[in-house]
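There are two complexes below, and they share subunit A, which is joined by subunit B in the first and by subunit C in the second.
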Partner chain A sequence: MGQTFRRITPQLVTLALVVLLVTVFFPNFLAVSFDGTRFVGPVVDVLKRSAPVALLGVGMTLVIATRGIDLSVGTVMAISGAVAAWAITSGYGLVGAVGLAIGAGLLAGLWNGCLVAIVGIQPIVATLILMTSGRGIAQLITEGRILTFSDPNLAFAGSGSVLGVPFPTILWIATAVVVALLMRRTALGMLIEATGINRAASALAGVNATVLLIAVYMASGFCASLAGIVATADIRGADANNAGLWLELDAILAVVIGGNSLLGGRFSIAGTMIGALIIQTINTGIMLSGFPSEYNLVIKAVLVLIILVLQSPNLAADWLFLKSMLKARRANVRSETP
Partner chain B sequence: MTRMLLAGAALLALSVGASAQTIGFSQIGSESGWRAAETTLTKQQAEERGYTLQFSDAQQRQENQIAAIRSFVAQGVDAILLAPVVATGWDAVLQEAKEAEIPVVLLDRQVDSSDDLYLTAVGSDLVHEGKVAGEWLAKEVGDNKCRVVELQGTTGSSPAIDRAKGFRDGIAGKANIEIVRSQTGDFTRALGKTVMESFLQAEGGGKDICALYAHNDDMAIGAIQAIKEAGLKPGQDIKIVSIDAVPDIFQAMAAGEANATVELTPNMAGPAFDALEKFWKDGTVPPKFIQTESKLYTQADDPQGEYERRKDLGY
Partner chain C sequence: MLLSIRSLSKEFPGTKALQGVDFDLAAGEVHALLGENGAGKSTLIKCLTGAYRRDAGEILLDGAPIDPASTAEAQALGIGTVYQEVNLLPNLTVAQNLTFGREPRRFGMVDRKAQSAKARELLAQYGIDIDVERDLGAYSVAIRQIVAIARAVEISGKVLILDEPTASLDAAEVKMLFSIVRKLREQGLGIIFVSHFLDQVFELSDRLTVLRNGRKIVTERTRDIDRLRLISYMLGRELEETAREQRTASNSKDQKPMLRFEQLGCKGVIEPFNLEVGKGEVIGLAGLLGSGRTETAELIFGVRSASTGAAEDDTGKISHGNPREAIAAGFGFTPEDRKVDGIVAELSVRENIILALQARRGWAAPLSRAEQERLAEHYIRLLDIRTSSADKPVGELSGGNQQKVVLARWLAMNPRFLILDEPTRGIDVGAHAEILRLINEITREGMAVLLISSELDELVAACDRVIVVRDRRHVAQLSGERITSEAIVHAIAQPGAASHTEAA
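And then the complex of A and B:
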């Protein structure tokens, strides 16, 4: 626990700074009230709206730890959302809709995993296939329109709350905790890291890298399907054109801001979750601050650039080097004086 | 090329005597519900008037549209409808149609070519749509103070710019109406809802907002859910006016949750065929731009009936 905390301290400091910055422009940012049934406030919105990116981030962290990448998660969200909306309107009930949607996500993950682990296509290309073609599949399911539904049970996944806390928030935190425990309380996490650092070596050491890779992409598909259900339930409709559009990039960004290396190996799900919160705090902050929308992307880009520059290992090394140089020079000066 | 034109001319000569007109329609694709409805209505209009419609779906590619127009010219159709995917690069192919004496009518989008290369263009005036929405709100609130929030379309797109401008024209001179917050919702339901949530947070939980103006109906539908979840009544506590008139907004109006929408009619073919008929009859040349009506629908205009009429158009 202490180790995890030390690992994500830079991310927590960054999050605190971003929150501070938003509070300067919107003083009531941290105000939370209880309206009788649920908590209300900008922070609650951040916790709720970070659900899709955080969920995608859980799967993406694992995939990136194996030195892969999954560009298809945004599209898988659209497919799962479309399946959920189609199933609920066709009378399959809540369990059927959620089950089929998750099944679609797992199937998409299986497809990606097989392309990467068995066929041996590079992950960025393998998942690009589904990223570009998957929206067509989603549009086929919705017949090209926004497929709306009115089932309150499915809508609960997007806008319901338990004990005043939005359901999407509970879902992403629970998913992150369960996956993190599964990785760290068993050897799974270590096996994934080993595969990411050197697949051949870990295979020689007895790790079944092929099955592990497929499982990791399926986990990513599973997380994407949860995100898709949340997004569809949120607007009570499946929007095949726009659901999860470009969210794969936000998920990768969350992984990177979370301090994980795109070259695979060691990973931290907690770091990615803080990364997702940082991104969503920036998004919500921009909306609350009331700047004209032309500035949205510029502000986001500048903030992300600053965060990544501050996290740069080269910069940190340079800084340590400069510090030691100064110290040495000062020590020299002192020793020469007498 | 010459042979193709000759074949076209020969076919044209043959078809003059025939009563049924053949019309070629080069559609952009089916990227949105609105465009699907435009295709459906064009086919309906052609059928009602007894035309034979040659339909070609370009799947968002200009080269497909150019190929389609060349094939229409070669077939010697009586007129060509073109919904151009981009504004530039049409000079050569429009010149070919002109030389074959086939009138071309542009639907809903414009081209940069010289205007003697086509008969007329049918389209809506985006600024006017915004103005109709603004004027409705100005009339609706009278002299009461009204703080308006605005959900804009995709930043930098012409509908977003023009509908924002038109709305401001519509409420010009009304000091009691003030646009307090504007943010893009990217024309989507999901962002419409997300952005509306932040508007509600920023404006005292929504108590300080009197009306919402959304650049399209989908964003308004998303915002309606956000308003409901915040414990307010959309349509009453916060008045909602948007643009497009898609079927789902009529459902919201029937439920009393939306107040008004301005129609961007998908029936561009109707006015186009009217102009063509006059042109064929006695050579009347229509004006170079035929503006479609931007009709305002409110809760008083039988929203349930409008929903039933529209739901099968392919939106």
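And then the complex of A and C:
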């Protein structure tokens, strides 16, 4: 536990600084109140709105740990959302709709995993195929329109709350905790890391790298389908063109801000989750602080740049060097002044 | 003195890598630097080339103190280095590599004609005439090595450091390299030569310095020292008798073999062969590089799929079509290139040791942390793996210790048949002897070993039986008293074989 905490300390500090920055521009940011049925406030909103990126980030962390990348997750969100909306309007019921949507996500992951692990296509290319073609599949399901539904049970996944906490918040936190425990309480985490660092050596040691890779992409598809269900339920409709658009990039960003290397190997799901929170805090903060909306993306870009520069290992070395220089200078000054 | 190092010290967390080391290099001499893994050779060289900053001591070049902060600075001062894994760019042409960073320019553009002419002129000094417009990667390691030397001498020109330059060269290439080194010596360069091959040290060097545990043990003229004394300096103990121990496993002959491979083969890779493996037997596999030694191992372990043949033990047929099946059948395999196929560099020593065991148990049955630590501690002690902690990333260990970690990974599985492909390549004398001792020990308990090696002494010392491979065929088998270096060389060099032997 202590180790995990030490690993994510930089991310926690960054999150605190971002929250502090937002609070300077919007003093009521941390105010939370209870309106009789649920908690409300900017922070609750951040915790809810970070659900899609956080969910995608869970799967993306695992994929990146194997030295891969999954560009298709935004599209898979759209497909799963479309499947859920189509199934609920066709009368398959809540269980059917959720089951089919998750099934679609797993199938997408299986496709990606087979391309990467068996056919041997580079992950960025393999998942690009589904990223671009998948929106077409989603459009076929929705027949090119925004497929709306009114089923309150499915809508609960987007806007419901349990004990005052928004359901999406509970879903992403629960998913992250379950997956993190699955990784660290079993040997999966280590085997995934070993495969990501050296697939050849791992295979020679008897690690079933092929199955592991396919499983990881399926996990990513599964997480994307959950995010798709949440996004669709939130607006009570499936928008094949815009659901999850560009979110794969935010998910990758969350992984990177979370301190995980794009070269694979050691990973931390907790780090990614804080990364997702940082991104959403920035998004919400910019909106709340009242800057003209055309500045939003620029401000976000600048903040992300600052965060990544501060976290870069090169800078850490420079910082240590600077510190030792200052120390030496101070020691010199002391020895020169009697 | 061209280069003087005075009481150089360098400390890393947990280890004193160098403690007050002195070292002198005269112009026009080849000075060999020797020591076991972890003795401090690499650290000393890295302090010289600016890759590390020293903690204490001074370095004088031509009498003037220097303190290089980067390899570029060291190069500019006159200290050039050529590493075992050549530090050039294989996807650029030879000419581009030779003039990299100092391309001749014309109107601001690279002048390719002048570039090629300059490269040809440079290589001509070394008696090499090759197409400099081709990619460097198209040439052999030896040529790449010489290109690297040419570049280092051209840029630096005072001190040349050769770090294990001969590790992947065959005998003829070593000869070519040595003649070039001698020529450079005549031109007045000071050359530091790091090698594990004692023969080469005696052949090439004028003086030698031995380091052990971060301290300088001795500097002597090479012709004043004999091999036995040198080894005892390096190991810090009197050398035990290295003669062939009369192995006791030969009783396995009377028994039924434990494993039988019949007509195992793969088209275009190796012709079908039969192999019987007895309990506790050490079988050597001798042959030149590319003769089919490694391919034999890969077929047995299922890294390559066989097109013909079958394997069986007392209980019946065994499938070994991929590494997982081979492991399930009780096989183990330490590959030749431990960096590429052996270690998982960023995982800890502990995780590397338990990796195969965990993979066999499956992801859902994790070894408890306590059990992992117990196993790691056990093998770190048993194999004398030098690491400050079981949680250190294995990539930070020296080569010999990495090899021991890979060995530990398989010993933890307790296989019945362990294949070791060049287990002692690139590791020092001490670890070398230890690994041979270990082979002896594990086979006493019934494990069978297939030992692939280029070093005939090693095969003679360790094996009950030696199979000779030539031109992708198993051509001869020697056993008992008939295992001698001469007999093996003879079998390798049968009519039609190449005139030089890499193994000799």
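The rule we apply is simple: the second predicted complex is superposed on the first by the 324 of 338 C-alpha atoms of A that agree within 3 Å, B and C clash if a C-alpha of one lies under 4 Å from a C-alpha of the other, contacts with A are read in each partner's own complex, and residues count from 1 in each chain.
The rule we apply is simple: a residue touches a chain if its C-beta (ideal position, glycine included) is under 8 Å from a C-beta of that chain, and two chains touch if they have at least 3 such contacts.
Just so it is clear, the structure is predicted and the values come from calculations on it, not from any experiment.
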Note to self: In the overlaid three-chain picture, which partner chain does A:E294 touch, first (subunit B) or second (subunit C), both, or neither?
What the structure shows: first
Next item on the list: Using the superposition on chain A described above, determine whether A:V304 touches subunit B (first), subunit C (second), both, or neither.
Entry: neither
Checklist line | Partner chain(s) touched by A:E193 [first = subunit B, second = subunit C, both, neither] | finding: second
Check: With the two structures laid over each other on chain A, which partner does A:R185 touch: subunit B (first), subunit C (second), both, or neither?
Finding: second
Next item on the list: Tell me which partner A:D234 touches in the superposition: subunit B (first), subunit C (second), both or neither.
Entry: first
Check: Who does A:R266 touch here: subunit B (first), subunit C (second), both, or neither?
Finding: second
Note to self: Looking at A:V207 after the superposition, I want to know if it touches subunit B, subunit C, both of them or none. Which is it: first, second, both, neither?
What the structure shows: second
Item checked: Common interface residues of subunit A - those touching subunit B in one complex and subunit C in the other -> none
Notebook entry, point to check: What part of subunit B is in contact with subunit A in the complex they form?
Noted result: 30-33, 36, 152, 155-156, 181-184, 186, 188-190, 193-195, 197-198, 201-202, 205, 218, 221-222, 225, 229-231, 248, 314-315
Check: What residues of subunit C sit close enough to touch subunit A in their complex?
Finding: 301, 303, 323-324, 327, 333, 335, 340-347, 351, 355-356, 358-367, 409
Check: Which residues of subunit A touch subunit C in the complex?
Finding: 185-188, 190-191, 193-194, 197-198, 200-208, 265-266
Notebook entry, point to check: In their shared complex, at which residues does subunit A touch subunit B?
Noted result: 26, 28, 35, 40-42, 45, 49, 144-146, 148, 159, 231, 234-237, 239, 241-243, 284, 287-288, 290, 292-294, 296
